[in-house]
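Each structure below appears as structure tokens.
Common to both upcoming complexes is subunit A, partnered first by subunit B, then by subunit C.
Up next, the complex of A and B:
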């Protein structure tokens, strides 16, 4: 069987060209190829639908119910009202932002300084990169358990060092006023390796010609660092700021290990994530936990939007 | 050429789909992943073809292993499985073992999807109210071979709960693992300080006085000693409630949520918290973050009295460290009726949607028989829940610590605190912590705990 296609020859006379079925056009070939790749994407897409989209939708539905997992009652926006008027929840928001703020605004400058120092040495760069990156590959749960001993009031190495140099010691995780700082110390220690590696990658991408030109113009090392290095790092700083904040606002693992679901002592290190866990998985209040999850999502969304605007980062 | 390429790509894709499908599909003939094996060659018998899945929490293992504390070889659950299956020809029992970490949500997930027939279920009150459990009274009444007298006093009472439509407490679970709270102390430190051992039923005054006497530099060793220690975070709410009970107070009343009335701001609770604040002066720093007691149950121990202790962390570890005779156990604070202390442990329950309820009931009887209870005590470092334990040889070897533990198991506050896994527990814990860290006075803390717990209850109802 052939398909007929009419066309005009050079003399303007009608001519017929026969095209066989089995000859594919370029368009149909492209369509088939694209279809093949869609089929390849299907398993992972199904996984996302099942394990991400469905729980997100289900959690949204649950946020309008009083639910203990099996028995459900529709209560409208009551869960949202309860969470938004809960002092405990706003305390967790404060804790989350407090720990996140100091983690980020200590780690990024410190990490950048360390990266600059590592970048300026000629030998042993890889050694220092590995040493500084090691904490980041350590499990945060294991690190949190070790930090409990590091910051132990009587046997801890930090108090021992403070005492040795004549500074006052602290009870760290046993005092609500210092427990947050214990978490911040742990978070800085854990994240700084990542910050150093990212900063180093950017530092090594800055053209040496700029430094040579500055040297010819008589710029000192500090001036080069201030007026060439730092302006060229702005994209990296923005990236670290945004990813750092998102990670900080989701903080759960280390505070759960250090203070349990209620962020002991006296809820001083309970974060938004821990609040959700406490209400959902220890008290069977899945509706409240779901509502708190969506409120946390909105908070992260708004804050990330502000961060993007402030840092002028392009998505 | 292009067609051939497409053909091979599609073939590869299909192959991957088949592998993933086969890999993820349930395999009825395989073990359940925790080392149990199905019995393909079932013996002909009354229970032909029936299978039950039993969920267990904690230090259970299908295979034989070495105990990390005592260094002794322990038998796996396989011996229990073999024994049950030999007693019930044709039946198969499979186990799903989970760690204590996150057991509540895992149990919720399992029972919602009908994964097991019998559950070890400390949170029985929450699940019975959901209507997912089978009431056990009919089975108990109709079974002439079963008698509730086998259990230690108060154990059955302690696990009673309310069903979804019932107004009276009923039996939804049988005691499986026993547990208790008691006061432990170091006899050696008492001897070194020349202080008389704690009496069997100490009062708050006695504990306070002796703790005060033993805080300071040990007259014999010259080491710093502390009179007392208690956990200031996770379990501090229960320590405080026991102090109130010791003064004839209580946490409140009721069991169903719409009947519960909290008593967190009672004078007994306030004075109990004041007492804890006083005791903090005789304790090492760090108790609010579960620190300071690292030397307990070691040869270098520096703490004389430990409040609110449990048998799992005390009895076998003490013997493993060669301190079996050095450690003493006395009762927590009791009211005038001799009752006080948190009720704890694990019951076993039957799922309402179990397909083999008769066999599940047979397992429940078996699990509370001497065979399994002795196995739990000797091989899994668990406390038995039956009275017959007192006649075992293994019990006699550790009797000086087990006898007061059994006494503690028979005199806790029953029924168990219905709010023990809910928000009021965390509210009270946080307020005890706030008082211990100087954020609030004892009075302010208990009043805030009362107010927040009442508000929570109001919203819940």
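Up next, the complex of A and C:
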């Protein structure tokens, strides 16, 4: 439209007929340009429709049916009722939250301390970064396989070392009362590198002027850490808390390797994800599994919302 | 004691603490390699644990390679990962660029929709995707592992952030020369996108290589198993009975990734940090 006006001024009064044409071509050009942009988005939005929107809707529909993939009968809310009254399901919820809680509240403080130490030394920063991040690049499946031996009650190194320094040993994965701690140890070992890297990146973003001002006021190293570093890291902690919980609530890979789909011993390490896998793909009860995924989805959404509120994060 | 010496002492203490904890953290790997080279470890694990095996032998590694299934799973993982990375990064570059520089209707709304996909976990999608691929007869092929990776909200987000930092004046100059949107993208902006493309490739590679639950659902055929699937099936079959063999297998499966990581560590660590810092 603006261009049309300019051409009017340039061409004078005689060319009024052309203005209409100009406006027309500009309009069609704009439409064509907009169309081009939609072509840019085409692959992604085909993906969203086919692999996100459709499955979410279909899974919602399925949760009201009894289905094994071929035969379907509508049964209303029965699947939800069955899952919500199932002791096995609530046990998996408990396991998931238990493992997640200790993983997160052990790893974030530990990782932050290590990151602060690495950040404060003069030489070897990069070396330690590489070493501490190494567990995180190995796949959790391979890590679980190694940990089965590392935490073996009779021949594992951890129990040997604990015994050697006079500490009590544990039965780890061989007993339902301790198996969750084995998973927690594995999860901490695997996640700590990620926490350290994220903390380091954000530690280095704190402006050095603050520390200089504090030094002039006579603050000690520890005081600077407590009153400048930690408050400045609250956004990072919130980020780690939220991503940590989202990841923990979907835990599946390592517990599947360690305990199979039913989280043995005695379902002590079966997570919500494993419950869904067991019902869906070993029992082929698609309706029940779909209802369980929706319940899990709602749990994740509510819990993420609470985390956002607690950490007062602005998204 | 003056300030300099006390600083030096605290520096050394910190260094030693980090070193000791680092060795503890590496302990599972060190033990893994040691047991893998132990000839007798398949009958009983060496106890008390020792760093250097009594009889060093490559027996376990020989079996791992002779068996051939690990090599096959490597090839499978390689095919799947290469295709996924290519598809995911291309689609995300196109979409990220459009969301940054494009002018079209519903831009904000569509971008919010992309961000919403970040909150959707895999689990609710498992069964419908399984029946979808089953109905078109593509189960037990690599297609179900590759095609759904086309959409990745995180990569689109990172990519948009990157293009937002590039000036729009570059576009205007090319537009005056009469270049179309695609030409502008491919000749002006894409050549500048090297750093973010590298980050996207690294993240996408890690996600695709380690993907487990979805491949487990769609691949029943052992010949198509990816590396994590093969490891899991081996581990579930043998439990803690074949120590030496399991550890040799774990070593061989981890080694290439570790070597790659050591070569690219700066870029990998940067990429991970970027995904976290920007995620804030």
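Here, the second predicted complex is superposed on the first by the 285 of 315 C-alpha atoms of A that agree within 3 Å, B and C clash if a C-alpha of one lies under 4 Å from a C-alpha of the other, contacts with A are read in each partner's own complex, and residues count from 1 in each chain.
One rule holds for everything that comes next: a residue touches a chain if its C-beta (ideal position, glycine included) is under 8 Å from a C-beta of that chain, and two chains touch if they have at least 3 such contacts.
This one's a predicted model, so the numbers in the text were calculated from it and none came from an experiment.
Undergrad: In the superposed arrangement, which partner chain does A:45 touch: subunit B (first), subunit C (second), both, or neither?
TA: Only subunit C; A:45 stays clear of subunit B.
Undergrad: Report for A:239: first if it touches subunit B alone, second if subunit C alone, otherwise both or neither.
TA: It touches subunit C, and subunit B stays clear.
Undergrad: Scan A:36 for contacts with subunit B and subunit C and give back first, second, both or neither.
TA: In the superposition, A:36 contacts both subunit B and subunit C.
Undergrad: So in the superposed three-chain picture, is A:265 touching just subunit B, just subunit C, both, or none of them (first/second/both/neither)?
TA: Touch partner of A:265: subunit B, not subunit C.
Undergrad: Check the residue A:256 against both partner chains and state whether it touches subunit B (first), subunit C (second), both, or neither.
TA: Only subunit C; A:256 stays clear of subunit B.
Undergrad: Quick check on the superposed pair: does A:69 touch subunit B, subunit C, both, or neither? Answer first, second, both or neither.
TA: So A:69 meets both subunit B and subunit C here.
Undergrad: More subunit A residues touched by subunit B or by subunit C?
TA: Touched residues of subunit A are more numerous for C.
Undergrad: Find the residues of subunit A that appear in the contact set with subunit B and again in the contact set with subunit C.
TA: In the superposed arrangement, which is not itself an observed complex, subunit A uses residues 33, 36, 40, 43, 69, 148, 152, 154-155, 260, 281 for both subunit B and subunit C.
Undergrad: Residue numbers of subunit A touching subunit B in their complex, please.
TA: These residues of subunit A touch subunit B: 29, 32-33, 36, 39-40, 43, 66, 68-71, 78, 82, 148, 152-155, 171-176, 179, 258-262, 264-267, 278-279, 281-285.
Undergrad: Can you check the complex and tell me which residues of subunit C touch subunit A?
TA: Residue positions touching the partner: 10-11, 14-15, 17-18, 21-22, 25-29, 31-32, 35, 44-49, 87, 90-92, 94-95, 97-98, 102-105, 110, 113-114, 117, 119-132, 134, 147-148, 150-151, 156, 180-182, 185, 206, 209-210, 212-213, 216-217, 227-228, 231-232, 234-236, 239-240, 243, 246-247, 249-250, 253-254, 257-258, 261-262, 265, 268-269, 272-274, 276-277, 279-280.
Undergrad: If we count contacts the way the header does, which residues on subunit A are in touch with subunit C in the complex?
TA: Against subunit C, the touching part of subunit A is residues 33-34, 36-38, 40-41, 43-48, 50-52, 54-56, 58-59, 62, 69, 114, 117-118, 120-124, 128-150, 152, 154-155, 157, 160, 189, 192, 194, 197-198, 200-202, 205, 221, 235-236, 239-240, 243, 246, 250, 252-253, 256-257, 260, 272-273, 276-277, 280-281, 286, 289-290, 293-294, 296-297, 300-301, 304.
Undergrad: Tell me, which parts of subunit B touch subunit A in their complex?
TA: Going by the criterion above, the answer is residues 2, 6, 9-10, 13, 16-17, 20, 102, 104-105, 108, 112, 126, 130-132, 164, 232-234, 284-289, 291-292, 294, 421-423, 426, 429-431, 433-434, 436-437, 439, 459-460.
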